[in-house]
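Next, two complexes with subunit A in common: one pairs it with subunit B, the other with subunit C.
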Partner chain A sequence: MKSILGIGINTFKEGLRDKTLLSVSISGFLLIAASRILVPISIGESYRVITDFGLALVEVFSVLLTIFIGTRILYDEIERKTIYTVVTKPVRISEFLIGKLFGLTLLVFSIQFLLFLTIFLFSKIYLHFVFWRVFVWFFFLFFEMLILNGVAILLSTFTTPITSGLISMLIYIIANTSNYLKELSQMVKLPIFTYIANFLYYFLPNFTLTNVKTEILYNLPIDKGLYLFAPSYSIMYVVFLLTIATMLFEKREFY
Partner chain B sequence: MNILEVNHLKKYYRSPFLRKRVRAVEDISFAVKQGEIFGLLGPNGAGKTTTLKSIVGLLKPDGGEIRLFGRPLDISRRERIGFLPENPYFYRHLTGYELLSFYAHLFNKHITAKKIKEILEMVGLEHAMHSKVGSYSKGMLQRVGFAQAILNDPDFIILDEPMSGLDPIGRKEMKDWIFKLKSEGKTILFSSHILPDVEMICDRVAIIYRGRVVSTGVLSEILQEKVRFIEVTIEGLDEKTLETFGKVFRSGDKLMLRLTSEEEKDRLVSFVIEKGGRIISVAPYRKTLEEHFMETLEAQ
Partner chain C sequence: MKKLGGFVIIIISLFVSVLFVKSFEDRKKSFTGEKLLFFPSGKFIQGVACGYNNFLADLLWIRGGVYYGGQKLKHGSLEYLYHMFNVITDLDPKFVNAYTTGGMFLFDDLHSLEMSMKLLDKGIYNNPTNWYVPFMKGFILYLAEKYDMAYRWFMVASLFETKRGMAFKFANWCLQKEKGPEMTLKFWEDLYNSTGNKWMREKAVKGISRVILYAAVKYRREKGEWPENIVVLVKSGYLPYVPSLGGKYFILKEGEVLW
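Up next is the complex of A and B:
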């Protein structure tokens, strides 16, 4: 536990100094500020449009942070040879990877929360309106990003940052369109397509199950079971990802 | 008792494109005894770093066996070892103190802030402990690297080219630290190609060449066997009297002869006494480690 904490905090500190983090975060804040231009064109529904736009921005920038930082997190450690003095200490590979995931999640969560808070304050100051239920959306987003961080860590155990970045992005897109995938497989009567679609639907993460943005924006009821389902699903999926990542990383050699 | 046993270690690399098998280590066997300083010598590319990386688990051997403290390397063995890699790289965003605090988190035993400060003082980084590692010179990196290697008070310390990048003062200090560790009962294994340093501090050495151990043993014995010549310094006689024993060198009023055997030396000493001369000194000149090293490599 001590080593996981140490590795996590170090990863967080290292990430804070990353120039990508700074540029992505600044872009996020600027875009949120620029969303004010949407007010005159939103025909009386400005609070809903701005919130919708803002939440989409938080999600997009969280994904970008995960992809830009998460996919490089192990690669840099190996390339810079800093890993030599870590894995030769009494640290299990699983502890090392959990520590890395913890640090990355903390980093993404911190920026995510700051962006989210900016939107929240923006709505309050400029629109004099607050969707308190957006905190619920933020709760679900955290668990989605936890899975995506796990995906980035897994991919970075065996691929380059560019490849793992592209695959992570693809997985994120599929995870957000899983329900369409299922419907499409029922519409297209090709057995091979059905097989692939079913495999992607069940094997890859599914974010459509916990996507509650519409319910929040239109004040619709949210299934209470989702509050338990999201953390359970996310943690189980991350455990699965880290198990594979550990098996792959244990086979690695450091020349 | 052997702290480390390496038996017939083999390690191959795959070339990047053709995936051709390239030999890094062909057959390395040696043992390190408790409390000794063991040197692994060899030219660049001989397999020293590959051997050390295999011992600490950074590489997986393709053959042979490595036993640390009588058992294969596992997570619990790592509590008792310290490792300094060649040209060490550290997290540049941390200060020297933060870096050691980070490493302290990786051990099960509790390492206090006081202990961290003491180690940083010992390696001469007390003035730079709150500076970022990114601003450290190569010598300072080597010092902080040594500090992290002894942070857990290990029984066995493995140092890959510890003198590399150090100035003469730094090298002297590194030698002093190694001697200090030995006096505390620690066992040290290190690789180097700086032979005078090895000669000065090692109890035993193994010479590695093209992935094989070509010579191993107690350093004093290796070098003692190899007396190059015996230099006898004489006073009170002239060159002509001594020329039957070989070439005579003059230095002031003293004469010197270099003899290649003990018998010749005994004959000369008796002759000088008989002729009324005086023996000032009889000094055997042994091979240096460098000469032994070069001869061993040439013989391969």
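Up next is the complex of A and C:
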């Protein structure tokens, strides 16, 4: 536990020094602030536009952070040979990877939280109103990003940052459109296609179930089961990803 | 000498590229009207939205406002208006303002009751417990002088209206056609006070002006002269009261309504 915490905090500190983090975060803050220019042309829907733009930008920049930093997290350690300082110590590979995931999640969470505070600040200034229910969406976004962080770490155990970045992005897109896979499997009457589509639907991460932006925006009720589903599903999925990552990483030569 | 040659090449290439941009800029202008021809269907955009449906609906809402404003300014055609509102509401089926604003624009600017009803019906289907969409449908039907149908939709709206009971009052007024001007004035006033939408506010001003003008024309037809002012119309029973919006009163001057 101590070693996981140590690796996690070290990853977090290392991430903070990353120039990508700074540039992505600054772009995020600037874009959220720039949503002010949309107020006069939003034709009476300023509340909606500010909230929607804010939420979408927080999600986009969280994904970008995960892809830019998460996919390089192991690669850099191996390239710079700093990994030898860890593997020579009595640390298990699973602990090392859990620590890395913890550090990355903490980093993405911190930036997400700061971006969220920016949205709150701007809604208070522009709309004289703070929409507290947005925190519910933040809860679901956290668990989505946890899965994506897991995907990035798994991919960085065996590919280059560019490849893992591209695959992570693809998985994020599929996870957000997986409901269409289900629809497609019902539409196409070819049994083999139905099996493949169903397999992909259940096997790949699914973010469509926890996408509650419409419910948040229109103050609609959210299924209470989702509050339990999101953490349990993402934790189970991350366990699955980290197990594969551990198995793959163990095969590398430095162990 | 070499330096000077490089400098000349830079100047010439820059000048030529500016000329290229300038000539293509003019060519592009002639295509602006057809920009929306390639606007994909809502179902397609939904598929590629990746969970950002509301965000895209907002972008299109803003784009729709720019399209409407731009076409109005140059008195252009608004033929893609329905398509645009249809796509916005495909992306966000709960966007009530898109149905009501779209319904009003389609009826008032495109003079298409059919398209307006189609969009509002979609709104009612996607928001079955919302009172404002059937209310707007009732009002547009009233403007189209289909009083019987308007009454029915006002009654539907009154079933879901929780606080003000306005829809029920409108349904009653609709039944009593002689109270038409009062109902219309009240609707426009209410619309003006309840929306921050600039275009809808302009519609409210235009709507009230029309009611006043209609009463003035009626007065002239019956009395043989233009009424001196709005108070004369009120006193002689052609208007229920002197209408105002945002604390500003309407003025009738030589057959012209000012606000």
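To be clear about the criterion, the second predicted complex is superposed on the first by the 249 of 255 C-alpha atoms of A that agree within 3 Å, B and C clash if a C-alpha of one lies under 4 Å from a C-alpha of the other, contacts with A are read in each partner's own complex, and residues count from 1 in each chain.
Quick note on the criterion: a contact is a pair of C-beta atoms (placed from the backbone, for glycine too) under 8 Å apart; a residue touches a chain by one contact, two chains touch by 3 or more.
Since the model is a prediction, treat every value here as computed from it, not as a measurement.
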item	value
Superposition on subunit A - do subunit B and subunit C clash or fit	fit
Touching partner for A:87 - first (subunit B), second (subunit C), both, neither	first
Subunit B versus subunit C as contact partner of A:164, first or second or both or neither	neither
Partner chain(s) touched by A:10 [first = subunit B, second = subunit C, both, neither]	first
Subunit B versus subunit C as contact partner of A:173, first or second or both or neither	second
Touching partner for A:48 - first (subunit B), second (subunit C), both, neither	second
Which superposed partner A:234 touches (first subunit B, second subunit C, both, neither)	neither
Per-pair minimum CA distance [subunit C against subunit B, superposed on A] in Å	37
Partner subunit A, residues of subunit B touching it in the complex	13, 53, 56-60, 75-76, 78-79, 81, 83, 85, 88-91, 93-94, 102-108, 145, 148, 152
Subunit A contact footprint on subunit C (complex, rising order)	47-48, 50-55, 57-58, 61-62, 65-66, 92, 94, 97, 101, 195-200
Footprint of subunit B on subunit A - complex, ascending	2-3, 5-7, 10, 13-14, 17, 80-82, 84-92, 253-255
In the complex with subunit C, residue positions of subunit A that touch it	38, 41-46, 48-49, 52-53, 55-56, 59, 172-173, 176-177, 180, 207-208, 211, 213-214, 217-218, 220
